[in-house]
Amino acid sequence: MDLNSIFSQENLTIAKDSFLPMVKTALIGTIPLTIITFIVGIVLAFITALFRLSGNKFLNGIARFYVSIIRGTPLLVQLFIIFYGLPSINVTISPYISAIIGFSLSVGAYASEIIRGSIQSIDKGQWEAASSIGMTYNQTLKRIIIPQAARVSLPPLSNTFISLVKDTSLASLILVTEMFRTAQEIAATNYKFLVVYTEAGIIYWIICFFLSIIQGRLEARVARYVAK
Amino acid sequence: GCNTNKKEETAKGKDLLTQVKDSGELKIGTEGTYAPFTFHDKSGKLTGFDVDLSNEVAKRLGVKPKYFETQWDAMFAGLDAKRFDIIANEVGIRADREKKYYFSDPYITSSGALVVKSDSKVKSFNDIKGLNAAQSLTSNYGDLAKKYGAKLVGVEGFSQAIQLIESGRADATINDKLSIQNYLKETGDNKVKIAALENDASNSGFMFRKDDDSLVKAVNKALADMKKDGKYDEIVQKWFGKDGLK
Amino acid sequence: MIKLENIKKSFGELEVLKDVSLNVEKGTVTAIIGPSGSGKTTFLRCINILEQPTDGKITIDEQTIDFSNKVSKKEIISLRSKTGMVFQQHHLFPHLTALENVMEGLVTVQKVKKDVAKKKAIDLLTKVGLEEKINLLPHQLSGGQQQRVGIARALALEPTVILFDEPTSALDPELVQEVLKVMKELAEEGMTMIVVTHEMKFARDVADEVIFMDGGYIVEQGHPKDVLEHPKHARTKQFLQLIQ
Amino acid sequence: MDLNSIFSQENLTIAKDSFLPMVKTALIGTIPLTIITFIVGIVLAFITALFRLSGNKFLNGIARFYVSIIRGTPLLVQLFIIFYGLPSINVTISPYISAIIGFSLSVGAYASEIIRGSIQSIDKGQWEAASSIGMTYNQTLKRIIIPQAARVSLPPLSNTFISLVKDTSLASLILVTEMFRTAQEIAATNYKFLVVYTEAGIIYWIICFFLSIIQGRLEARVARYVAK
Amino acid sequence: MIKLENIKKSFGELEVLKDVSLNVEKGTVTAIIGPSGSGKTTFLRCINILEQPTDGKITIDEQTIDFSNKVSKKEIISLRSKTGMVFQQHHLFPHLTALENVMEGLVTVQKVKKDVAKKKAIDLLTKVGLEEKINLLPHQLSGGQQQRVGIARALALEPTVILFDEPTSALDPELVQEVLKVMKELAEEGMTMIVVTHEMKFARDVADEVIFMDGGYIVEQGHPKDVLEHPKHARTKQFLQLIQ
């Protein structure tokens, strides 16, 4: 084989035929799963970050343990335990919910470190200024710190989001339909794994490319109040 | 200068069989995770029916077997990419596969078996219409389940399919009779049972790239010889007992 | 009356305020001077209870907190509401406009209606000479303007006393005067102020009392003329020589 | 099943028997692969970061494209293309080398962004001070900027390293022996995939745990010259 | 002789230096004063060619660069080696000790042997009064000490002229004098110096010439007495009033 054979008529036809099915499961599977998971994950991350920042040793300990477990073990194993393991203690969760739980836990752990870092990066003077005009911890967090931390954490959070798009390909392991599953199914019938997977890769890349354009826009917007 | 030129020409023209013999090894792709055909024993050694069989074939070709273990999709890609010469993985001989690949003569015939929960009312293949069948992408049996009107849920492997049935998330799975029997024997699992056996048996064989058929012919010859001199029966008996393939 | 009695503050091993007592009369300006590290900032922060004193008593407007006892959050918040603070670095909220910075405490803490708060904030910003800049973000303002917004922000909550921590020392020299001018006006209106400063001219002209701190103690205190021109202690003399 | 059955005698025996084989492939497969890949990847990341920072539009473009491709497509697809795709243009690379190339390219892309960020985070004044005493670009980079950037980039680079440990589980796809493959083999024989995968997860976690202790030590060391 | 002729510098649309010419005699001290944003820092940076002037000529020690032509890197490096720079923020290398900071240019740029460089660096650090601090890291030093290390670092390469950009304006008031003292000693030893400063006393006592810059031009220049006490231009007068 040579370069010509990669772009052979046959391969091009296969790529053409598999394009629509893959885009379809990307739209109904991958993208909604990514978005829902990300939102749930961010909420979780935020709570975890607050636990880490709180003086409370117990909450801090829980948060540390959670983050350590999630970051220290493969996502695949986590999904397996949620989907196949929990039924043995009589907790049976549907595939889609399992996927949301699994990926959210993952996003929650990774993003919590980003959020914690961004909150800590805000000058202590902001806390003191807020305190000096009588604002409470919660008020300061909500009105002063988070708006500023959001700006700091936006780029790394976007990266987490983009990684998540690709990680959702693991969802097929627990019976959720997403794009990579479709690629596998197509390849299992025409045995052109390389062609079909490469095509899937390109579609992922396009999705990520658009996401990073949105990321750029968002960053520019949030940066409005920052001195050059 | 002339001499080397000639050598290159012949090297190019060498058929697959000669290449294998020259290199002294037969490169075999297999999953290594499909008992009892290709798997690792307690000591971690690769073994199984397909493995024993291809060992014997290699011996008769006068070369050493060399195994490359990976998962299903990578196995096909690996054969295409000439990472190995044959696949020994209980691959069913099917028309769609024959379009792209050569197969050896069949070396085993088996049939599909329907597995359901022990207390299930399913008694025959016809009963799975509208039910959820847990099937892996890679098996031949997904199509069969579809034919009987089941809805497919895709799983990674047989163990996961069983787990889904036991936790009630799937109603049935169809798989190779021999493989299921092995599972029941190994685990003593009594939460699932075989509800029905398929009538039509299907054949499996070694799979080859469609380059040239020299290696296919040689392997077929080795298989025929094994059947003649009793070695084949010996291997069958080792794995499936006296009347395992009946 | 603001009364600080035997204030002590340690950070771990480090005793920063060893024993500081001070009375400040309503409507007076107290200037605090002293070398770097002598505890001036820490002292101000203790009055604002941004740092909780290790020991001592603070009384403002009849409310007393005794830090030798356990102190409740509520007490702290109540006492703190009687003080306003202007920092060396302005610490304005960078995502809010000048107007929003001044309104923030009114709306969020005092739950004043938005339009009432807005009117008051505009008045205060006009007072510090920024009526034309109310809708700009902090980074669009010069250092002197930023500091004046900081003063307006502290004034908004109508504290009994305003604490200034070197409000001009981070400014370009030609911006210093505009801030000092606003402070002088405040003093003339009868605002009670405690000002840590290195601006000797301001201390001399505006302060009613000057405090010289060193090593966690008040070393010398009195009328500006006396302390600045006829210091009694060797350390005061030495310090005044260094900075003039 | 219930909680008791999870810790049944049978499961404990399985866990005990599979422990040594897994630790063995972790030691001869996972860990060396991770270390080698990380070193190669960092070198690549460093070059990419310099390309991105150089004024040269062409080099910058190459670096951007590389990073975008690698971050936008699943690692699985990248490994497939390197190992199964390249032979079709007559480039056949051995499994181990393919793995090193694939994972290094991945580390290179992710880490290059970290390194670039850390270099850019160093105060411009450092460049100017170095310039004012006559140091060249390269001298400044080597002696002034990198020692400081190293400190900034150490925590995120450690995270990349820890992620890599788990990502190497994909190596079995291209015929490299590593720990997760061993887990799969064992599970295929005893059908106890949940027990065995969980055990693998725990081993990954232990490895990551030790790595993060080392990370902590390193960070403390590099932080020596920084004001509190 | 240092000769700056018709220096211009724009950042995009913004013309920061509009046309600045200046001669500096060997062994003299030139003080530059002026409001914030007037282009003082930019002017110094142009002399050090940290910013390349848009137009104009710079001559130091016989070497001339004409920025209306294309300028090679080599020329820039050669001219720059004749100048040393002390920054407002010290910009010491935080991972190197005081000694290593001073040695860095000698060893890396001038390829001086390590032991020779070390001897020289110790001498210079002794000269600025830091013989006991040579092995400390920058963050272990006070602001004044840091700035003195910065001066030693600039001196190490034996430049023809040293440029100071507000070397004391980021310092606590009582640390200012120790830095000015070192600078005064340098001036007395005959070092050629150009100093942007807000320390009027220093300018008056030490400088041979004072330059007042505003809006990208030199507005007034002359003997310190004349410029500081009897300024001719209204802008100079106004500025001097503001900062005193």
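All chains are identified by letter, namely A, B, C, D and E, in their written order; residue positions are counted from 1 within each chain.
By our rule, a contact is a pair of C-beta atoms (placed from the backbone, for glycine too) under 8 Å apart; a residue touches a chain by one contact, two chains touch by 3 or more.
Fair warning: this is a prediction, and the values are worked out from it, not measured in the lab.
Counting only chains that touch, the fewest steps needed to get from chain C to chain D is 2. For chain D, the chain whose average C-alpha position is most distant is C. Just to note, of A-B and B-D, the chains joined by more C-beta pairs in contact are B-D. Using the mean of the Cα atoms as each chain's centre, the chain most removed from chain A is E. With each centre defined as the average position of its C-alpha atoms, the distance from chain C to chain E rounds to 36 Å.
If you average the Cα atoms of chain A and of chain D, the two centres end up 19 Å apart. Each chain gets a centre from the mean of its Cα atoms; for chain B and chain C, those two points are 83 Å apart.
If each chain is reduced to the centroid of its CA atoms, chain A and chain C end up 46 Å from each other. Shared interface positions of chain A, defined as residues touching 2 or more other chains, are 84, 87-88, 193-194, 197. Residue positions of chain B with contacts to 2 or more other chains are 74, 77, 80-81, 160, 163.
Among the residues of chain E, none is found touching two or more other chains. Looking at which chains touch one another, you get A-B, A-C, A-D, B-D, C-E, D-E.
Contacts from chain E toward chain C in the complex involve residues 35-36, 142, 169, 172-177, 198, 239, 242-243. The touching residues of chain D, when paired with chain E in their complex, are 123, 125-126, 128-136, 139, 143-144, 147-148, 225-227.
Residues of chain A that touch chain B in their complex: 84, 87-88, 92, 95, 172-173, 175, 181, 184-185, 187-189, 191, 193-194, 197. Listing the residues of chain E that touch chain D in their complex gives 48, 50, 77, 80-81, 83-85, 87, 89, 91-96, 104-105, 108-110, 137-139, 153-154, 156-157. The touching residues of chain B, counted against chain A in their complex, run 72-74, 76-77, 80-81, 96-97, 100-101, 137-138, 153-156, 160, 163-164, 166-169.
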